[in-house]
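Each of the two complexes below includes subunit A, the first together with subunit B, the second together with subunit C.
On to the complex of A and B.
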């Protein structure tokens, strides 16, 4: 593969994946357990479980909460593959960078020693690494389930009805659109560049092009972002998010809320 | 706030600059109720800036803008009831539909304005349905707006403004990026949509649109109004069109004589004025 192809291929793939992630509304419209719940219940219930995950000092409790996430994913038709590629693998990559050294550096009872005693692994080190990875994986899975199974505008409205300040909700709304525009603009610029590009660029030129493109991209999107804001104002937006779907709590919603908060309370009690 | 006889917009001596770039230079104009106006001007002449001023999204550094006799200022737009009334009465369709479409579905997109206005859900549903049908996009109601074709996006953007049934509609280059078929479709829909005494102000550099969309033209150059007149008067003034870069001079040979004359791009190819 030529370098040029590598560069454009990677950026193309990356922007495509991001675009897909932002457009995941299809899954939010599927008829599943989470999808049918009131967005406020999802927001409160899943966030409570994230808090329980962070507060738990026992690996078994974190793993149990993770199992709860898996059950919810299954009941909501979320594919393993989606979770694996979007959450589990990337999170493992990020946390691994921190967790792997911890295995070797944490002092304590030695579990395994390499030949010649160069490095050794301690029980405490293994536990710390497992705790870190499972906590982050669980929290990330919970948040992803919320985002995947709820239209973005409903997340915003749920935040509003839970009295999150208007300013924060407006910023989130803008950010979402802004990131989307950034991706679209990046894609367009890449296509435009590719159609003009003949032959190969050496590495130094490629770096220069990438830097310059980044600058242009940023100023372009800032301008577009401002325009998006103007367009929202033009249609009467004054900071408050008003949506068509009126949330209504039904028996199922109350039951689900009790269930999720019950699991949270149990996890907090046992994991303490 | 609506005495008859008062101009919809009255601008006097307006200056506007982007940091150091002057965009409007002592511009004055008056637009009456029910007038259909074309703002003609080459790229960079200040059309989009003027539309933003008219929609109270930007405010001049000097000069005055009045809407039905009331000044449009950042202070007046702070007033909740004035702003509500203004946004209800004036709608702007942006040139780039991508900046205007930020909702998950076409239906949500068109419902955005009415919901901001605090209409009841029954009224919102009714108005959205009517706007979607008017723009012939009812079948797209559940689609993601940013994934539509250019012509469809434009129609969603227009529907999302017309849904409020505004008295004044501002259109920024409504057909510029569309293919010829979508262009004429959008023009037809805009021309057919005439409920009551609407004031429609269209910014464009496409002379071939003027006849369909306007009874009166303002020709802009360097942030000023250079000329005012009926479409017939403006379109027949070859010198004016050349000076304001709305046409380019075009050299060619007739019967062995080379000469230059203005060159107009019409909808059905090229038409020459000799």
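On to the complex of A and C.
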């Protein structure tokens, strides 16, 4: 493996994550249907639809929920192209690898047999593969709509509505903040290493570069943790966590919540 | 290993959320007691570290690359309870914001990677490292082995969760509703990748970072090592080796237990079994009552005589007692493996590229 693939692959991954976050933040500021809703409504409503997708035993119901996701995406100015590149294609690639062999391996009534009987497709295999792919695509689309149409800090704060302990929400919010700082730090270390390289590194040296960078990052993490702790204490932190809750439900939020929970209830009733 | 939404049934997800909840509760309580006001900043930055370390592109032997989960190094530094929280938080951020792992499957992913991974790492690390000094090579290898065993145990749990889906959840026509493969397919499919690439990535990143810390700041390894920097024990290398040899000897003595097993393992049938009516019935019963070919499959018949093992069925012909034959086979097998490893080591060391 070339040094190019090793270092640029890691740097590319970091850049992609930062770009992904920036795009999501931009989309969350667009004036669309989902963007206007209270984050708690979006969190509860869209998660309920993910659960309904997972619970449904009928392909038609899963496809109807998928259609609801498409309508919500259109109303929220989320382009299908964005969903195609960020969700549908990667999910199809990953799930397809698992689903396609199931068409041939699942026992049951034969639907089609190849010449010489080498392979055969079964009805049960087709249904299992279609169900798996559509279910995973629909659930992933719903989750993506949630994060594309909501500032990430709001998603985390809305977790309080699911009775997630306030300390966990605070840890999640701080983690979310420091993930980008550490990505930036690691990225700088790899870029600095790359800029000082001439020629190729053998595989063992590449591994040493990666593990030493990881070790340095760990030392910096511990140092950062201490600094953040001291800063929090300096501001008066004594272990009690309080989060500002600026969310306020309006009529349209209640209406949207009723609509999303209504679709969920119908899907659960019909799909079971 | 990040299970997406839709692969596990809601019932499985609820069970695994329920299974994870007590561990989260205990972890939070224990960590709060240990760290007090440090809990939030320390767990936060370590969760962020776990997240970033999962993005490292690690070159692996064989020319490919892999990603570690980071459960090994997080457990060695933070301890099992801190690691459970840090990895769970990192997995939550991944699931919500990067679509890596599902939201309904978050409990399962946390159970496998954060809980099982951290606890297995800790047990294996402490068991193998014993009271060796913080800067010893044994401790570094213990961390690497612990990371390897932990990621494979976590993968095994995930494979079992996948594999039970078609047994428990089918539609009216018999088609699987969730992950479609039974245990016989899910476990090998999952484990092959983890026993090789993913396991190697976790072992390299864990052992490598521990080796770096041993040189730069060994005090970070002290809190969960069972030692202090000053009081680093100097247990001789022979005692751990002695323990491993004793364990191996005990396993060899226990091999006659295999005699108690009834019937033939699935997929290990001989030509005779296909010809014998009683054995055929057992094969059919063990294969979900699928029809068997009328005779011995031609390929099986042709290839079955290609190689005659010196100890067929672990029963050398010159030994009358079956248990003694089992033990002798075990000793013979272990001896061959040790000889191959010894020769491999000699061959590798001949290159002289030691760091």
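Criterion: the second predicted complex is superposed on the first by the 197 of 272 C-alpha atoms of A that agree within 3 Å, B and C clash if a C-alpha of one lies under 4 Å from a C-alpha of the other, contacts with A are read in each partner's own complex, and residues count from 1 in each chain.
One rule holds for everything that comes next: a contact is a pair of C-beta atoms (placed from the backbone, for glycine too) under 8 Å apart; a residue touches a chain by one contact, two chains touch by 3 or more.
Just so we're clear, the structure is a prediction, and the values are computed from it rather than from any experiment.
Once chain A of one complex is fitted onto chain A of the other, the partner contacts of A:237 extend to both subunit B and subunit C.
By the touch criterion defined above, A:151 lies against subunit B but remains apart from subunit C after alignment on the C-alpha atoms of chain A. In the superposition on chain A, A:224 makes contact with both subunit B and subunit C. Contacts of A:121 after superposition on the shared chain: neither subunit B nor subunit C is touched. Once the two complexes are overlaid on the shared chain, A:55 sits against subunit C while remaining clear of subunit B. Once the two complexes are laid over each other on the shared chain, residue contacts for A:136 go to subunit C alone; subunit B is not touched. Counting the residues of subunit A touched by each of subunit B and subunit C gives the higher count for C.
Across the two superposed structures, the residue set of subunit A contacted by subunit B and also by subunit C is 152, 177, 181, 224, 228, 232-233, 237-238.
Residues 1, 5-6, 9-10, 13-14, 17, 20-21, 24, 47, 50-51, 53-55, 57, 86-87, 90-91, 94-95, 98-99, 102, 105-108, 123-125, 127-129, 131-132, 135-136, 138-140, 143-144, 146-147, 152, 155-156, 165, 167-168, 170-172, 174-179, 181-183, 186, 203-204, 206-208, 210-219, 221-222, 224-225, 228-229, 232-233, 237-239, 241 of subunit A are the ones that touch subunit C when the two sit in their complex.
Taken together, the subunit C residues at the contact with subunit A in this complex read 4-10, 13, 28, 32, 36-49, 51-53, 55-59, 61, 63-65, 73, 77, 85, 89-90, 92-93, 95-99, 102-104, 171, 173-181, 185, 204-205, 207-209, 211-213, 216-217, 220, 288, 290, 353, 355. Residue ranges of subunit A in contact with subunit B, taken from their complex: 23, 25, 151-153, 173, 177, 180-181, 184, 224, 227-228, 230-238, 242-244, 246. Interface residues of subunit B, counted against subunit A in their complex, comprise 52, 55, 57, 83-84, 87-88, 91-92, 94, 96, 98-100, 102-104, 107-108, 111-113, 115-118, 121, 124, 144, 146-147, 160-161, 164.
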